[in-house]
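By letter and in written order, the chains are A, B, C, D and E; residue numbering begins at 1 in each of them.
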Amino acid sequence: MNKRLKIKKPKIPKLPKIKRAHKIIKNDVPGTLTYTGIKEQKHVSVELIDYSPTNYTTSTVDDVSKAFNKQLAGDISWINVNGLSQIDQIEKLGQHYNLHPLILEDIVDTNQRPKIDEYPDYLFIVFKMLYYDEHGTFMNEHISLVLGENFLITFQEADGDVFDSLRQRIANAKGRVRNAGSDYLMFAIMDAVVDHYFTLIEVMSDRIESLEDILFANTADQDITQDIQELKREVLRLRKAVFPFREVVNRLEKIDSTLIDEKTVTYIRDLYDHVTQVTDSIDIYREMTWGLMDMYMTTISNKMNEVMKVLTIMASIFIPLTFMAGIYGMNFDYIPELHFKYGYFYLWGAMIAVFLSLLYYFKRKKWL
Amino acid sequence: MNKRLKIKKPKIPKLPKIKRAHKIIKNDVPGTLTYTGIKEQKHVSVELIDYSPTNYTTSTVDDVSKAFNKQLAGDISWINVNGLSQIDQIEKLGQHYNLHPLILEDIVDTNQRPKIDEYPDYLFIVFKMLYYDEHGTFMNEHISLVLGENFLITFQEADGDVFDSLRQRIANAKGRVRNAGSDYLMFAIMDAVVDHYFTLIEVMSDRIESLEDILFANTADQDITQDIQELKREVLRLRKAVFPFREVVNRLEKIDSTLIDEKTVTYIRDLYDHVTQVTDSIDIYREMTWGLMDMYMTTISNKMNEVMKVLTIMASIFIPLTFMAGIYGMNFDYIPELHFKYGYFYLWGAMIAVFLSLLYYFKRKKWL
Amino acid sequence: MNKRLKIKKPKIPKLPKIKRAHKIIKNDVPGTLTYTGIKEQKHVSVELIDYSPTNYTTSTVDDVSKAFNKQLAGDISWINVNGLSQIDQIEKLGQHYNLHPLILEDIVDTNQRPKIDEYPDYLFIVFKMLYYDEHGTFMNEHISLVLGENFLITFQEADGDVFDSLRQRIANAKGRVRNAGSDYLMFAIMDAVVDHYFTLIEVMSDRIESLEDILFANTADQDITQDIQELKREVLRLRKAVFPFREVVNRLEKIDSTLIDEKTVTYIRDLYDHVTQVTDSIDIYREMTWGLMDMYMTTISNKMNEVMKVLTIMASIFIPLTFMAGIYGMNFDYIPELHFKYGYFYLWGAMIAVFLSLLYYFKRKKWL
Amino acid sequence: MNKRLKIKKPKIPKLPKIKRAHKIIKNDVPGTLTYTGIKEQKHVSVELIDYSPTNYTTSTVDDVSKAFNKQLAGDISWINVNGLSQIDQIEKLGQHYNLHPLILEDIVDTNQRPKIDEYPDYLFIVFKMLYYDEHGTFMNEHISLVLGENFLITFQEADGDVFDSLRQRIANAKGRVRNAGSDYLMFAIMDAVVDHYFTLIEVMSDRIESLEDILFANTADQDITQDIQELKREVLRLRKAVFPFREVVNRLEKIDSTLIDEKTVTYIRDLYDHVTQVTDSIDIYREMTWGLMDMYMTTISNKMNEVMKVLTIMASIFIPLTFMAGIYGMNFDYIPELHFKYGYFYLWGAMIAVFLSLLYYFKRKKWL
Amino acid sequence: MNKRLKIKKPKIPKLPKIKRAHKIIKNDVPGTLTYTGIKEQKHVSVELIDYSPTNYTTSTVDDVSKAFNKQLAGDISWINVNGLSQIDQIEKLGQHYNLHPLILEDIVDTNQRPKIDEYPDYLFIVFKMLYYDEHGTFMNEHISLVLGENFLITFQEADGDVFDSLRQRIANAKGRVRNAGSDYLMFAIMDAVVDHYFTLIEVMSDRIESLEDILFANTADQDITQDIQELKREVLRLRKAVFPFREVVNRLEKIDSTLIDEKTVTYIRDLYDHVTQVTDSIDIYREMTWGLMDMYMTTISNKMNEVMKVLTIMASIFIPLTFMAGIYGMNFDYIPELHFKYGYFYLWGAMIAVFLSLLYYFKRKKWL
């Protein structure tokens, strides 16, 4: 696992600005490449992992063309491109593997939703890696993947990913991966991403719980509305990333392509189960999050009730007593009670009686 | 029926942490077995029931390999494995029956949602047994089931289940079970689980009712929000377990497999009706539960109304009276009324008149 | 029409306890018969109507076996069984007509949802007769129906139904029924039940209206929440009974069975239209009912507003006046106004001026 | 256009009572005709329009049998029947054109929802003409239509409709109608009804807007709840009439019948677009209407807020001042301030200072 | 990009009046052309762009007939008609290209929802261009498009559009457009419109954010309800325009027509992805917008709470103190405390004690 998981106080940025890749430049010809993301990684680093059941080499280069001549015939090549801002690198790859211009556009268009496109010689898949960065900001990494006969190319926006354990499994020849084709490698990558969704869902569950705790503890201040609204937005964005991804996996399971081995289909079906678990949970958290606002409303109303009760008790007790005192502050020539020997004390008695009976009344109403 | 049903005060734990089986260990190769549940049953106990129309033997062993040589050719074998934490036991079973590694992973992954997987030689079904444990906690037991030609293997997280009456029926040769194949045994097990869902639904109905009673009786305190929120969560979790299970039963009814006898299909169709009854009820309880929050809001508002009325009545009556008393407490040199012989008593008369007319006013407004 | 329709003040019981038939007894073998209803009709009464275009006989017996030998070959037999608690009677019928054990179980399981099962020799249909009993309680009568080549068997929980007009039509040879087969008889029975749903819908519409009237008239007290909640529940239960019934009719229309004559299909299509009318209305009433709670909330808030206004007006007027009186009740050695000749009357003038300008202010704010 | 469109203040009646045609009379044989509507037009007036590309005659008779011998062979006959209460007239028509009894029942059953029934020799279509009558009541006119090879029969509840412009087009041989078959005539009639739906939608839009204006202007009184509830009901009833009608048009477009010319299908497809426009708008208005209640709630809360502010300001200012005056109204033997020369004026100064600082406080809180 | 994008303060007009084209004139024959829009462009301007890989001419004429003889055989012709109020111009085009009368009606009917109609020789597509005009009003431009073998005709309501960059690409032979057929031109036009939807979505996102900021900053005044309601309406209208457009693109992708080249289908699939991105975002914004009203409600309630607290604190502190002062303002003959030497100061001490303990109480309750 990489450092992306060291989350503590997630902050969610405002609604993301959605822009299309070829919209930025004037004369926006469809098929023109422009990176639309916000991760300003200046260089492109290309990682090449070349393996067969018996062989394994790895190298990192700063230009894709250097990678091409390191591939061995008969081996599976995994080419992982980090950084999408160097358009020429992407284009070189496109020319070498004969990729359709629209694919190249989708690779650099970070707003492209998850999808799968079938071409005669390769499959093209787009999905999202969601994570909290070191500042706790909810980030969206655009990952594209081209699966060919003996190769798999992955494109990421920046260095650092969740595939380290997969790299070790290839290096150490652990599990099925070294003995299977590029399709199983693709499965393993998608599997790692889905694994990471579970981590996100756990964080989300924790946040819902902590908001509920705040609400139950009645210590909510106004900022909680903001937290709830942000949580809603986060759930909606997760939904937006995961639901189309489930469709991608579903179609992958049913695809009729020579690129996908029948044995791998079993694994993809299993992956589909896992994604469905994620989407089920998202829908539950969605309902719980929406319910938080209702809970907050009742919390506010309960507080107002308490304020009102204090006012009512204080006013209802002292207003009548003040009236009684007012009576005997009058200057009428003839107020007989004023001249009673213990009049003042009698009045105190009456006042205490009124006071106690009101107290009793509020007690019975359960306001005290 | 077993002791799980002795429920009194169900408490629901927080949102469950969802983790994937092979995520816990580093280098998480898909197909690696790790038990993800929370029930720490150290040992695995394997129960073998071997029967034919004329024959019946039962035994409990602590290692699956001991069970294999007790099976008689031609008999139906029901192997029930309690406890999923001893990975090696599960793996031995997998080797003996030639089960796919992904199946073994799903058996120990307690977060796997209900599903059915068809393999050439067997069917694999996962579902959930929901119950309240002795502390009233809402528990989720992960049950997997492998149906083969002459055998049925069931996997449970811990000892104790709802199949005792089924065991007796096999022992006493009651009903169809001894004369039918392993498919009918599978039906009987799923039927027992659905029966138990009805029990859960009854408890849920009781809880909704008791919350409604509290709300109608106007004795709701703040904690009721928590109860409602917990009930919501429970309904959502039940939904999450039962709805995919309905799909499993539905697919089982339509499956084209030699493992399922045509006669059993009739029973499975019946089972489908029963599960649908459960899902219908869940949806009704869902709507009722969501409505509880609205009811609570009106309860709070009604209470606030009552508080306000008391304040308004007290203040509206005594503030004018106090003003009247204040008038004759002034020290003007010349206030003629002060020197009237019965001025004081006249004022009392006026005050009582004001008091009574205000009372009448509030009475007419139905505030008293 | 029978006495069930003499409704006045419908009371809805609590959420019904849902239990499965074979759950009550220990060792609950699927296919074991146990009546789960609450209508304790001790005896079973069997009514036999035997008719052909030219012939008509009717008789009531207390044992089904007596009915079998009264049937004439070539005639249509309608066997109507009232009372489901005498299991042996149901079993005799099952043996005579060779009914599947699961059908018998569903006949006595009053919680079985509406459904249709096709068997080679007969159709089995379950639906619900909803009505208010003499105490205004919302009741649920479980009706099952077996349609065979020349016979129709109906099962009801207790005596008394809505088929009297149908019986007369058979007796008097009115309409198509005497000239048509048992399939038309089945249609006629389902038609009578749908007719009765319209009656229920009228009652429901009346109750929504009367609740709205109460809310508009602003005379709602707290119990209205309870009424609304009960109405919600009633609507949900009606939905639960009618929506699957619509599916039954829909499948009946499309069924490929020699038991259903093509001419009857036209009538069934018409029946489907009528059930759809009922479901449309239920959905409208559902939305109206859910809206009632919102209306009630605004009613409460409006009332609170009114209370607040009275308090505000009274306090805002008399608090400043009391302050003015308080000023001249002070005992300073030198307060010049006190010694003005008409000081007291000047003050009264000032007070009246303050009073009037506050009145004017509240008038302008439309609070008076 | 006819007078139905002169709407000013629409009033919506209570939820309509839904009754089935053959329910009113005892012994309700399916197929028995009873008019269920509320428009008591005693007589039936039959209008016959007979036309071909070259020929055109029109006549109005008071008995359908008189119309039959006015039809010319080879011409298209449009028979328009106004008034459904004279059952015998409908039955004569049914016999002459050999209509199925269930069709006749649906013609007089004003609660029949929009539908289309295909018979070998004719198509039967039911839909609703919605309009506000001269009193502004929201009315529901039941229109049925039988399309045969050379004829079209329309049934309406009362005189007066929206087809006048169509009649003129036939008379003046404008447009396609005289050169097309009875199927185009049917299209033209349905087109006129959809045109009228647009009028309704405009009225509804106006009402939503005027309610919004009232809410924004903050002049809403309690009756607005009633208006909103009525609007909801109206939207729901419009939905109930238009959505199944859209299905009718959709099926008409795809129907495989020799009665519908291929050229007319293009027009029907266009009609479908128009109905979909209406349903789209209904769904938008639905959401807007539901939102009105929320707006009203915030309006009430805002008002209460304002009331509270006035109370709080008045009480918070004068209660402390009254206290200050109370202090110096005490009769202690020794209160030094009372004997200060300018004590009274000093106190006034203090009071004004308190008054101003409180004013400043409320100003800063933006309450003034 | 044209000036339509210079938006600053969008104002949304009231719910648009929906009228059908042929409804305005009496005797509304289907197929009669009437422009229903509100953009009163008196003249029609026709722009002709004629191109092939090697050739390119452009011209603007004021009568469509002048355009016809400028087209070169073998070239692709793009005829762009601005202004729909000159019916005769549209009709001339219709005759020249043999367009169906219903197409012409849909071209001028600005309320026609997005759709695609297939005709043997051409495709007809309707969609909406949404934008804010120079006054910030949310405008709806009706665009129709006829795609033929070698030509593409577009119809717009007024001059000025978002196709300038496309015109330049054709002029400068940039991108694929000059080498592809009229189908690619159609794609390029639709692509430009979808690009513009992204701009709208950005504005909408900004507005939601600014409303949230206002709500979080607690500076919301009553007008915000109006803003939220307008935003809701805008989202609903955008939905109404974009969702059917997605269906159009979807059908275009699957259409079986010789007019669409297989290579273009790849581009259309890409377009579909982009529209889906728009619809996904609309649904998220919809949920966020609906949530704003809830947030506003809590804001109001929080404010009321604050008002109540101030009142409660002031009243609860000074009412008891006033009572104490009232006691010693009484005129009883014998009140011992009055004659204590430091009685007045003792009382002050008591008052300060009461004052401080109440302050402490409110502090502990977190009201201060």
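Everything below uses one rule, namely that a residue touches a chain if its C-beta (ideal position, glycine included) is under 8 Å from a C-beta of that chain, and two chains touch if they have at least 3 such contacts.
Computed from a predicted model, the values in this text were never measured in an experiment.
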item	value
Steps needed, at fewest, to go from chain B to chain C via touching chains	1
Rotational angle, Cα trace of chain D fitted to chain E, multiple of 5°	70
Distance from chain D to chain A - Cα centre to Cα centre, in angstrom	44
Whole-Å separation of chain centres (CA-atom averages), chain A against chain E	27
Numbers and ranges of chain A residues touching at least 2 other chains	297, 301, 304, 308, 311, 315, 319, 322, 326, 329-331, 335
Order in which chains appear around the ring, chain A first, chain E after it	A, E, D, C, B
Residues on chain C engaged by chain D in the complex (per definition of touch)	1, 165, 168-169, 172, 174-177, 187-188, 191, 195, 198, 201-202, 205, 208-209, 212, 215-216, 218, 266-267, 269-270, 273-274, 276-277, 280-281, 284, 287-288, 291, 294-295, 297-299, 301-302, 304-305, 308-309, 311-312, 315-316, 319-320, 322-323, 326-327, 329-336, 367
Contact set on chain C toward chain B in their complex	14-15, 17-20, 23, 26-32, 100, 102, 105-106, 111-113, 115, 117, 222, 225-226, 229, 232-233, 236-237, 240, 293, 296-297, 300-301, 303-304, 307-308, 310-311, 314-315, 318-319, 321-322, 325-326, 328-331, 335, 337-344, 347
